[in-house]
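Next come two complexes built around chain A: one with chain B, the other with chain C.
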Partner chain A sequence: MATPAANAAPSVSPSLSLPPSQFARLQPHAYLLAHLSPPPASNQPSIRANGRAPSQFRVTSANAGSLTHTNGSAVVRIGDTTAVCGVRAEILHTDDIASWSVSSSSTSNSNKRRRLGEKTTDEDEGQDENEEDRAHIEDLNLLVPNLSLSTGCAPGFTPGAPPSALAQSLSHQILSLLHSTRLIRADDLRIWYQPPNLGSEALERHNESQQMEIDAGQGSEESDPQEIKAFWVLYIDVMIISLAGNPFDAAWAAVLAALRDTKLPKAWWDIDNETIICSDDISEASRLSLRGLPVASSFCVFEADAAAGWRAVVIPDVNDQKAQNQRKKGPQQKWILADPDGYEEGLSQERATLVVDKAKNGKNVILKMEKHGGWSVDTEDLRQLVEISGQRWDEMKRILDQC
Partner chain B sequence: MVEPTASLSTLNRADGSASYKCPATGYDVLGSVNAPIELPARRDALKPEDATIEVFVKPGNTTAGVGERYVEGILRSVLTEVVLGRERGYPRRGVVITLAIVGGGSVERGDSYLTVLPALLHTSLLALLSASVPLAMTFSSALLGVTKSGDIVRDPSAADAKAASSLHVLAFSSKGHLLLNESEGCFDFDTWELIRERAVSICRGAAVSGTGEDVAMGERSNDARLDGFVRETVEDRLHVDYAWKIESN
Partner chain C sequence: MMADRRRVNGPSGGTRPAVFASLAESGTGVSERAQRQRQPSELRKIFLKTGLIPTASGSSYLEFEPSASLAAARINPKSLIPPSSALKLACTVHGPKPLPRSAAFSPNLVLTTHVKYAPFAARKRRGHIRDASERDLGVHLETALRGAIIAERWPKSGLDITITILEAEDDRWWADAPDSHDASWGMMNVLAGCITAASAAIADAHIDCLDLVAGGVAALVSDEEKQSSAAPKLMLDADPAEHRSIVSACVVAYMPARDEITELWLKGDSSKASLENGDKRSVHEALLDGAVDAARGAHTVLAEAVRESLLKTVG
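So, the complex of A and B:
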């Protein structure tokens, strides 16, 4: 904390000597500004109050399999923000799905045909599989993420309080990102029943009782009609146990690491007991095969003009502003800070969040890009942020692969 | 392209209100604004020199859930920049915006909220104007989808939005700044730049070089502009409200 740059701030008169920590609390904006734009005479680099460069992320560590009673879990620590994520799988019988018999006939029919063929891989996944994934995962709500901030993670959050607006909106962001990135394959979550091949007579009897519509549509084409008997529902619970800014990145990284760690036991429908049976042999359990590795990176924008909020600002037209910036190479007016900590978040309004993945050819694929709360970030800045997020992706991939 | 319709001051008891209907997406939103009002619990607010902005979104057929909390957060952060909360009478007080989604498809749990977002933004802007809340600028917002084949569609319907490979909501201020960008789906930056260009032309007309008021007036014949739509709605309302004065002249 104690850096000489604090003394260089213009608002501190030489007669007063405040320790930097106190100055940071009294004049937070001036304190951060003094760090970011040190006087040219002092020959100091522009650096954030926490000692990072503007586009530098905090030290990140991840540990998978931390909780023993879950199917998959992870602890991710980004600086002082720590998220714990546990994934618990529960079985949802198709008998318990009210709309199943109506909606399933066609979808399970096509599933079956694919299932009989080769297992789908990354390359040959088709359009209709996407639709099917959506039909099952989204319509049946097979993914249930929840994020809790009521752990005493920061002074503003009372332990045991109802979920705050922030916690709720983070839960929604995680869920909608799980849906829009199609991270989890519906195929991993299906529990099948493969009737034994007892000859045509037994098969027909079985079909009559259970699969009338399917059979009618299909004729007598095949010998072993598989059917979906149940689904795995994944309850993804995230606890932020320490919050020092940027909860979304930490929570999403924890979800990602936990899902990579998740193992589902081998499960099948037992026709004699008419129930789902899970194998307790760990060697038979299978991991989820996730689509890609979407990595989230958040940014905030720190504006130099502290007084901007105090007066009725005459906001310049965007073209005038550009021309003005080109004319005079004045001091820098804004800094985009990667992975803001709590102190920096309190001093900035404008936020940007990017979720990127990398294609096989190393090109950045944007999966989510949002910015709101201000008007200074535009095309050029966003292009840079995509680049920075791409670098962050490499870093996160290394960390997640190691854990 | 069917243009949206809107009317101002539709509710009698609220300080300001607006209803907005977008025929392309089918959403019908009713908004009310109460400002400035006393918020007793906010005496020791985080920023005592500024007004507190509260946004409530009510879906048509269910109670509000986590999706509404999320969209409320986005609306709050956009509107906080737009409302001049330090004008006389506003600091320490509240600007309460309530938006009810009256018509159109419901947004299910975990669905993207982007399809409703432009309608919510426009309704809240019109309601704020109707309540005469001081604003730094106005804005307009567009919803664009990219289909699997790479075409850019304006205002995709709920079904098209589900099938689209990416969805984008952009909002531009009356001065041309990018106020809000929400994109989800799978896309690259070049696609986004095309989207941005298209959104600028929808919101602010094709020629964005207009720096002065004259150019802006000249462009108003191009009626596809969304910021023109906001302006005309307000003009119409003023014309009705000041009919007595205009008549007597």
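So, the complex of A and C:
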């Protein structure tokens, strides 16, 4: 609270007898506007009420693996927004999948092929693998993210009530992002079973057919048909402990950090008990091999006069598209604020969320782009936002690598 | 059961928790029960910090020191099964705020308490909807706090206290089979933590109280193979994972300045048990005294945390 007070003093105090914190509450829009567009005479830089530059994110910290009863966990703090994520893995037996018998026969062959292929060319993933990952992870609901806001994180959410619209929307956004980024490999979630040898003749015959299908050079231990006996289901629960704006970035970062921390025990099909048995030995457990590192960055747009654009449409005498554009492009009518806090979120309609990853050559890869609530962000602005998100990616990678 | 359409549901067929080989083939001696390293009257260290959640009027975060075995397992992990667990919870206070228009007139502050376990808080995955034990904890917590808050200073107002438990205490050692004198002992430690944390959060919200109310637990434990062979021992702040069986346990919410107990919860059959030689007190009295001693210990931490939060707001 000290920073806005210090910043506000020179710009607004002469005309007001109210302290800046009161003014911020009574006239939030004018307060933020005064910070972002200081009078030219004052020679001050345009700065947000919270003391950040428009494209500056809040201080972020992450800590992984502190919760005992999880396979992977993380706490991420972005400013005053705190998200705790715990990943719990449970087992889904194929016997419990109603539609399994139909699909298993068709997939077991190609599964096999892909498993072998992966060993030779790890980077070059085929189309059929994508299709299969999608089929298993999405159709069988192997990823179960849920976000809870009923933790007393902000005054508006009643604890004990069913999830609010915001919580439902955030859970769904996390789910769809997990699916669309293909972050988790279905192969990490499969539990295989290799039936014992059925005698040399059957084995030989099988070897031949297998050799024709795949390129040679694989060991004979791969020759038996393996079958999937079960899947790991990852319950990804995010508790927003403290909400001060921009919950999605914090929640996603927590999910990402927790998944990077997740260890799945070695599991096998126990034929005697007809169940899956796991080893609790930590040296046998394996981490998930995630695809890339998608980092989310959210922005909100603060407009000096939010009604200006609408007025131009509603009032018919401003037909000239160019004149309207000219007005929109006028000097500093809008500010795109990175990582908005709760105060700024309340003052803006238009939001943009970008999820970017970086390819090996350092180029930004856009995995998701979402923009809604207004029309003042144009292509040029979005291009700039991708750049900012790319810088944010570097920062987040450093933070996540440290935790 | 109807699927909850407001949440992301897992596979419709349901999933099963992992079964570990070391548990299935018992007697391999892979792991041993954690031993209590503390003196009988020594409490675990408590980490308590207030004001971590700026959007709430008051907040606190409480964490128990991990037991020696858990700390060792963290530093040098061998098994995926944690030997014990340490309480971690966050508490927020919202209010005092006006009651909704529809609410009946109340001359006092209306206290609402919610205690919720995170789905990943315990060994067994918890549901998203509060179950009976969570509601029970909420009621116990409300009783404990109601006696401490000076409620008549806020007529027509409400105070919401929400506790999220990120990691709960175990009810027993993980490899022990649940048996007849087995109850949810972990809940009692959780309640004591909830009381202490809520008290700090209320002080952080500047709500007038008679005194800082602190929670304490004492338990009669027997580590012997046979039940009747030896008298059970009185342990303060007993971690159920460290003992073979708990005969009886007691939680109090205690205000040292007034020497007053606002909440008392005694569980287990202690009528047959007798204390070690020389102790003339009845078992109930001994348990109660032990719990009060534990609460006094927690109170020193609580007072320190509140002093810190006060210095932060003043300075």
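Brief remarks on what is shown
In this section, the second predicted complex is superposed on the first by the 328 of 403 C-alpha atoms of A that agree within 3 Å, B and C clash if a C-alpha of one lies under 4 Å from a C-alpha of the other, contacts with A are read in each partner's own complex, and residues count from 1 in each chain.
Throughout what follows, a contact is a pair of C-beta atoms (placed from the backbone, for glycine too) under 8 Å apart; a residue touches a chain by one contact, two chains touch by 3 or more.
Everything numeric here is computed off the predicted structure, so don't read it as measured data.
Legend: residue contacts after superposition of the two complexes on their common chain; A:V386 is shown touching chain B, with no touch to chain C.
Legend: residue contacts after superposition of the two complexes on their common chain; A:N141 is shown touching both chain B and chain C.
In the superposed pair of complexes, A:I277 makes contact with chain C only, with no contact to chain B. By the touch criterion defined above, A:L175 lies against chain B and chain C together after alignment on the C-alpha atoms of chain A.
Of the two partner chains placed around the shared chain by superposition, neither chain B nor chain C is touched by A:I47. In the superposed model, A:P155 makes contact with chain C only, not with chain B. By the touch criterion stated above, A:L293 is placed in contact with neither chain B nor chain C. Of the two partner chains, neither chain B nor chain C is touched by A:L18.
Legend: residue contacts after superposition of the two complexes on their common chain; A:C403 is shown touching neither chain B nor chain C.
Common to the chain B and chain C interfaces on chain A are residues 141, 168, 171-172, 175. Against chain A, the residues of chain B that register as touching in their complex are 49-50, 65-67, 69-70, 72-74, 77-78, 80-81, 84, 86-87, 108-113, 134, 136-137, 148, 162, 173, 175-189, 192-193, 196, 208-209, 211. Put simply, chain A touches chain C in their complex at residues 67-70, 73, 80, 82, 84, 86-93, 96-98, 140-142, 144-146, 148, 150-155, 158-160, 162-163, 168, 171-172, 175, 233, 235, 237, 239, 241-244, 263, 265, 267, 273, 275-282, 285, 342. The residues of chain C lying in touch with chain A in their complex are 6-22, 24, 30, 52-56, 59, 70, 77-82, 85-86, 88, 90-94, 97, 114, 116, 118-123, 125, 128, 130, 160-164, 166-167. Residues 127, 134, 138, 141, 143, 165-166, 168-169, 171-173, 175-180, 309-313, 315-320, 349, 351, 363-379, 382-383, 386 of chain A touch chain B in their complex.
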